[in-house]
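In this document, chain identifiers A, B, C, D and E correspond to the written order of the chains, with residue numbering beginning at 1 in each.
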Amino acid sequence: MWRYVFSRLISVFTALFIIVTLTFLLMQLLPGTPYGNTDELTDHQIELLNQKYGLDQPVAIQYVKYLGNLLQGDLGISFKYAGRSVNDVIAERIGPSALIGFQGLVFGTIVGLLLGIISALKHNTFLDYGAVIVAVLGMSIPSFIFAALMQYYIGVKLGWLPPALWEGYQNTIMPSIALSVIVIATVARFIRSEMLEVLGQDYVLTSRAKGISRKKVIVRHVLRNALIPVLTMLAPLTVNLLTGTLVIEKIFAVPGIGEQFTMSIMLNDYSVIMGITLFYSVVFIIIIFLVDLLYGVVDPRIRLDGGVQ
Amino acid sequence: MKRFLTVSDLDVSFKTYNGEINVLRGVSFHLNEGETLAIVGESGSGKSVTAKTIMQLLPKQNSSVNKGTVMFRDVNLLEFNEKQMEKIRGSEISMVFQDPMTSLNPTMSVGKQIMEGLREHQSITKKEALDRAIALLEMVGIPNAKERVKEYPHQFSGGMRQRVAIAIAIACDPKVLLADEPTTALDVTIQAQILELIKELQEKLNTGIILITHDLGVVANMAHRVAVMYAGEIIEVGTVEEIFYEPKHPYTWGLLSSMPKLHVEQDEALVPIAGSPPDLSEVSEGCSFSERCPYAMKVCHKYSPQPTVLSKHHYASCWLLDDRAQKVKPPVEIGEVNYGS
Amino acid sequence: MQQNLDLISNDLFEPDPVVGKVEKKMKNRPQMSFWKDAWIRLRRNKGAILSIVILSIITILAVVGPYFSGHTYSEQNVLHSNLPPKIAGLEWLGFNGIDASGIDQYEARNLSENYWFGTDQFGRDIWTRVWEGTKISLYIAFLAAALDLIIGVIYGGISGYFGGRIDNILQRIIEILVGIPNLILIILFILIFEPGIISITLAMVITGWVNMARVVRGQILQLKGQEFVLASRTLGANPLRLITKHLLPNTLGSIIVTLMFTIPTAIFFEAFLSFIGLGLQPPLASLGILVDDGYKSMLLFPYKMIFPAVVISLIMICFNVLADGLRDALDPKMRK
Amino acid sequence: ACNFTGSEKTTQQPTENGDASASTDEGSKAQGQVLRVIEEDEIASLDIVKAHDTVSGVVISNTMEGLYGIDKNHQPVLAGASKHEVSEDGLVHTFTIRDNVWSNGDPVTAYDYEYSWKRTFEEVGYYTYSFANAKILNAQAIMDGEKSPDELGIEAKDDKTLVVTLEGPSPLLNYSLAFTAFFPVNQAFVEEVGDAYGTEYDMALYNGPFMLTDWQHDQGWKYKKNPNYREADMVKLEEINVSVVKDESTAVNLYEAGKVDLIEVSSAFIDRYKSDPNYSASVTAGLKFLRFNHNNKFLANEHIRRALDMAWEKESLTDVILKNGSIPTYFLVPDIAKAPSGETFRSLNGDFTGTVEEAQKYFKQGLEELGVDSIELNVLAADDTVNRDTAEYLKAEWEKNLDGLTINIEIQPFQSRLELEKAIDYDISLSSYIPSSADPLNYLDMWVTGKSFNRMDYSNPEYDELVNRAWNELDDEKRYDLMLEAERMLFDDAAIGPMYQDATAIIRKPYVKDVVHHPTLPQYDYKWVYIE
Amino acid sequence: MDHKDTLIEIKNVKKHFRLNKRTILKAVDDVSLKIYKGETLGVVGESGCGKSTLGRTIIRLYKPTDGQIIYDKQNVGERLSKRDEKRFQKRVQMIFQDPYSSLNSRMTVREIISEGLVIHEPKLTRAFLEKKVSELLELVGLNINHANRYPHEFSGGQRQRIGIARALAVEPEFIIADEPIAALDVSIQSQIVNLLKDLQKEKGLTYMFIAHDLSMVRHISDRVAVMYLGNLVELATSKKLYTNPLHPYTEALLSAIPIPDPKIERARERIILKGTIPSPTNPPKGCRFHTRCAYAMKMCAEFTPELKEIEPHHYVACHLTTAD
């Protein structure tokens, strides 16, 4: 086990290294400068700026320097938010993103599980079709539409919750719900499909023969065995939710990181791009790793360190 | 002895793409307290389905119980709803499923699986349940039970899994135990041990056992009475002696004579019953065994025989028992031969 | 059946063994492969059939719909801008040409012509644009599905089946692909490629299939140790056969569901690509773009968003019901 | 209500109405003289060297002050200086600094100006070009690397006396001095905090009507009235709460819910508010126009260019598509500044209009001259809604009206579009320009050969000469004549295709009074605002 | 049976499973035996003693931890070339113990049975396949009517027969039958056993027959191997083994065979093995059986007895016999 974790760690670092390297190189190809609109700067001035930020040096040297700073935990200074360190930018913005992402995930998973279970238990009845349609609408209509509708009707017309901004806990509710839509859809659909598969297995009969109620059978036996694909799908979703989503953050004026990322790419804010990419990749790799470990927890038959033979 | 489980006139059918198949056709039998009833018979004859019907665990989407009652004490289980059944299952009636590989949840440790039923029906703490689970595992002869409770089914051999399944079934001291081939995957010494265990349990709790098995040795050891099934019907019932020494149905004869005998030279071929079982999707006229029966008469192809009472416990459904039929002698081995080694 | 024993005449009691005499009657289902069998089962699923019908209608409308209205998707007439939908005879359904402030715009502007789905701000016919967009979005849907099936399933299959080091490497590659910001690649794409369907396709090739690969891998990891797989290995089945014949069929349920997620994601990914310049060239618009555009004026001109959204939802609901039907049909145990 | 910021030095109290479900009835307002507005982005920096975005511009111009300020009527007036003396030749300007203090109590001195201006050059601030435009001595040379920032034409004689030297007569100097780039900074403070200057509300000093008292990154910030401001008694607002909201419909919803008092709206929402009494549109000095690549084989032809300019209806674009009060333009210089005669630029020069029929004629002529019967052109547009819509509209109009023309729309993200434009790698580009002062010369200067804004290889020596003369003409009447002629010449050449003069559509609660909205950047001035 | 050709020779084969960091489960520990061409080797032993593991190791489903498996002069315990592997797979087949999980639930019986044929001879015509499938089904007591059904529609016994038909389809020369008949009723058991024997006679097949049913093992086997906790403890011709069991475990085993005669069965005495069953993760030192052996001596706990040929073709690993 530890050997596995260790060898996995090595390959994870390799992957991270490659991501950092490739992103660094690709980023160089982006058109334009990180200085925003340079309409009125003279060539000399741009040269001065490049010198100041070390961008006049060969890419290889810039890269080595970047890695050096990285090892010391320094992600550099933002170009757009002049003078602010990327560490700060990420640190300040990750909180809100993670909070609404986490809430959305939890809420979505719970509702999704319920829908999925209802669907599977009432297979091919109207309840099932109802749950299917709810889930499908959840995945085929983009979440920003739900967000906007919620904002208008709940926030403005009914006034139950603040329509936007980031002032208190109530502000987190609507964004979380909007984010949960896709989670609900994902969980509901996968749970339904997998549960149908599992419900036909013999051990479900065994547990029912023990006198366990259907509900408990579902919770203890069926769900767990139906979990693998849900986990697989939820992993990247979790990463995306926790690391922020552009539209929802924009609509609810949440000071999150998702919006920041797009922005910095559009503006060539190199250090922020690198910082967030790195951050995102680390979260992604960690979560995928956890999911892989979870595979083994959920289904002890799965052994990742073994090949076929 | 009290008769406390009575199955009468059970008809069960499955919908398949080949059409409807009538898997059980008028199955009736009863079980007394403290008694072991063995059900033997052709594979595919409906033994497992019978057991599942009693438990009401048939797959809902394609099976239907068309007729019949399952009286447990004085209630008809078939009229029970799911909630009521849940109370009964595991505590009053429990079942060991035929297949040990798939009947355990691969993602739950065996200990948990045993504890689950315990905690459902008895108000005990987790710790107590765990201790009981370990004790049960030891009882069914799993070495090192303390450690192995934490393991998962895939880490157990087939026989060990079967024993786990038995442990689950007997965990709550059920009144009726439906054991569907509980020892097929076990070697003889362990089998003997398990059978002993079941017997002890029976004596202690006066449990009624329905033992489904192919192993006539086990039947001889365990059963008080034997029911022989063929193609969804019970064609002969009797005490174990009656079935072994005075079988009356040609199918029973066939079964008994197809066993290997320890004293017979091994080069001698075994004597299987000729032909293959009938297609249950067709409603055939006459006796379902008629096409394979060497003693078949014209009537057998036309009318299905009714049970004939042969003694207090012994019934058989065969036209040969009709007065008008020629008397035939069962094959030589039956009833006369000593099986000693 | 209690027969009267006396009715049975004595002559019936003559021996008449038939063992070995009668040939077994062959009442056989026609020989069917798994797939054919599945198709037959699918045909019995009303929901699935209805979905196929609706999808066919949508596909047909996508092809011929634009010719019904007498407008092209790009024909612009600012005098007719922002007209609400109006269909003669369907006024009671809301197709009455009355806008959010209760004015019949057709009367107000003295128009005799009806726009079935209304018009956008350029006065373009939304009906035509919706069907034109459906064509593109359907293409995107199929493209996404194809990528998922071709790249995702194979990739995941190989990764899960071979496991160990190969799995490790393949999974790290996925992590790298996901880790590198998509947007950077897309911006570089915009610089290099002409915008259009091919560029969309390329952009989707990068990571569109990743979820599928992971789902398939997860399932196969779970399945590959099962005895039926071992049995087939002892028969000499090569990995290809094992994966395609044994592992994937048992993964189909998840594959289908995953596919159903890829499709809407792809439809809106295309809209995003088009918006930043890699996708379609305006005024050509896909359903995703129409929804995105309509969203901005959702409260004032709801019809601009509703029609494309309804078509997307309808397509997706049909796909999903069909997928569920397919999943049931592909699972022999689910048969009724 | 709790705060969800990562920052620990938060001092923000939840606003009274920050609590959800507080009051949602329309028109609910904050208590007292509090204005609630939104900005669509975070403040990039409070440092005038680093900030060159509109948001920072508004914050800086409301919290700091330079030698000149802009009055209610958008005219430059003395602000940080109490006196402005000009030498005979117009090259040496001597300012007397008014008594004023920084928010830490230090007096504002002439040295602060000198330090600030030179610092801008040292640190390569974006707005150095406006020093060059203002003809501050050596500004251009420093930008080109020929001189050092030290040699900039500014010198503090003593605390109160500041001497600015020019390279030549500068008709736009006063306007320029009101621009944020020319503001002072407190040397001691800047040197003390170093790189952190301008990154937090307490990492900057203020000498303007307001000062920042809170800044939650990406969420918003808060201004409070500056009690030490020289004209503090004129400032009525006690507090301004700014929230960062990037989505327009969100802004509208916040306004509807009574959470903010003033928002800008655009096309889709204008339909909704057009007839609302709280709606108003004010034109800006921003100009949207078509750049024709004069190197392009087809666009090198004057007739083709003229046809492209005339062949579409500008009114429909502004009235039906944009709807925000933008004015269709048949000219280069909008009607903002007035000539000395009191007449406007437009009334003097008239419109350069044409009809679709003429356009078709020109186009045919052009095709004949080129010897082709069809041409295909790309239109480069940025990836925002307005530009896309405009491009779509143009494509449809052009293709409808000009036979043989095929238009491809090429959408590019902001940076890419900029790079392509700079490299003159496009056919037609949708461009915009907003000057830092509304003088006609700013608009005309763009098309001088080799100027960075030219970016389309238009070159007409006579035109260059005219503009150059206007730059050096201190007599306003003569200067206007030169400029009028230059504009005519530009349209003679059909060098560009003007589209419209931008406007900002605003809705604000009726109790918000006297919001001043300047046509040039930075637009919002809160100095005179009060709540009724 | 003196001069038989060896078909397969197993030399010191070990198969250990690593359960976790510290625990290693020695499922098969140092087993050596030969299987001759045309014979049936019965393998019996306690459940969990490693019979299936041994079988699976022989058929290359598991890579042996140690030791050699020489099949027809070739060591198949190591990597094989593609061609050799394919050849091996056609020659050796396995009938799996579990009739439930060993059939792919998404394949029809036809597909399951014909898979081997399709793999090894891809060019077969449909008609031929159909005929072959039909033959095979008849052979195992099913019929072509069943060909279109899916495994879950069958009873346990029926599934087992499908598994047998699958193994027979490629006409192997060596079949490892892992409890092929446990799930069948006696009539069909005898049918299958007859079938296996007929095939053996006809085609000279070799079987490794793993079973718990000792009477059936006796009936079918030429020689019988008795395993205990991963070790081979006794190996002899079936006649010798059943008449003269030398190992105490074999003795206990034989005494426990249930006899299908109620009177005898109930009156009978059995050797009941005492003591707890040791675990393969931590097998006892010395003779692995000593913890439960009625005759255990001091040395049994110390030294591991070697498998020795006590009389011709009768091997035992017990200090009792070797001590004589």
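Structural remarks
Methods note: contacts are C-beta pairs under 8 Å (C-beta built on N, C-alpha and C of every residue); 3 or more make two chains touch, one makes a residue touch a chain.
Chain labels with UniProt names: A, C = Oligopeptide transport system permease protein; B, E = Oligopeptide transport system ATP-binding protein.
Predicted, not measured: the structure shown is a model, and the values here were computed from it.
Each chain's centre was taken as the mean of its CA atoms, and the one lying most distant from chain B is D. Relative to the centroid of every protein C-alpha atom shown, the closest chain centre, again from C-alpha atoms, is found for A.
Set against one another, B-E and A-B show the most C-beta pairs in contact at B-E.
Chain A and chain E have centres, each the mean of its CA atoms, that are 52 Å apart.
For the pair chain B and chain C, the distance between mean C-alpha positions equals 48 Å. Touching of two or more other chains is recorded for residues 249, 413, 416 of chain D.
Residue positions 98, 100-101, 143, 145, 148, 152-153 of chain E each touch two or more of the other chains. Within chain A, residues 30-31, 148, 152, 200, 202, 299, 301 each touch two or more of the remaining chains.
Those residues of chain E that touch chain C in the shared complex are 56, 59-61, 85-86, 89-90, 92-94, 96, 98, 101-108, 110-111, 115-116, 119-120, 130, 143-145, 147-148, 150, 152-153, 163, 166, 170.
Per the touch definition, chain C reaches chain A in the complex via residues 47, 161-169, 171-172, 175-176, 178-181, 183-185, 187-188, 191, 210-211, 214-215, 217-219, 221-222, 224-225, 253-254, 256-258, 260-261, 264, 267-268, 291-292, 295, 298-299, 305, 309, 312-313, 315-317, 320-321, 324, 327-328, 331, 333-334.
Across the interface of their complex, chain A is touched by residues 52, 55, 57, 59, 61, 82-83, 86-91, 94-95, 97, 99, 102-108, 113, 116-117, 120-121, 152, 154-155, 165, 168-169, 171-172 of chain B. The part of chain A that touches chain C in the complex is made up of residues 7-8, 11-12, 14-16, 18-19, 22-23, 26-27, 29-31, 129, 132-133, 135-137, 139-142, 144-145, 148-149, 152, 185-186, 189-190, 193-194, 196-197, 200, 228-229, 231-233, 235-236, 261-262, 265, 273, 276-277, 280-281, 284-285, 288, 295, 299, 301-302, 304-308. On the chain D side of its complex with chain C, the touching residues are 248-249, 267-269, 271-272, 313, 316, 320-321, 383, 385, 388-389, 391-393, 395-397, 400, 408-413, 416.
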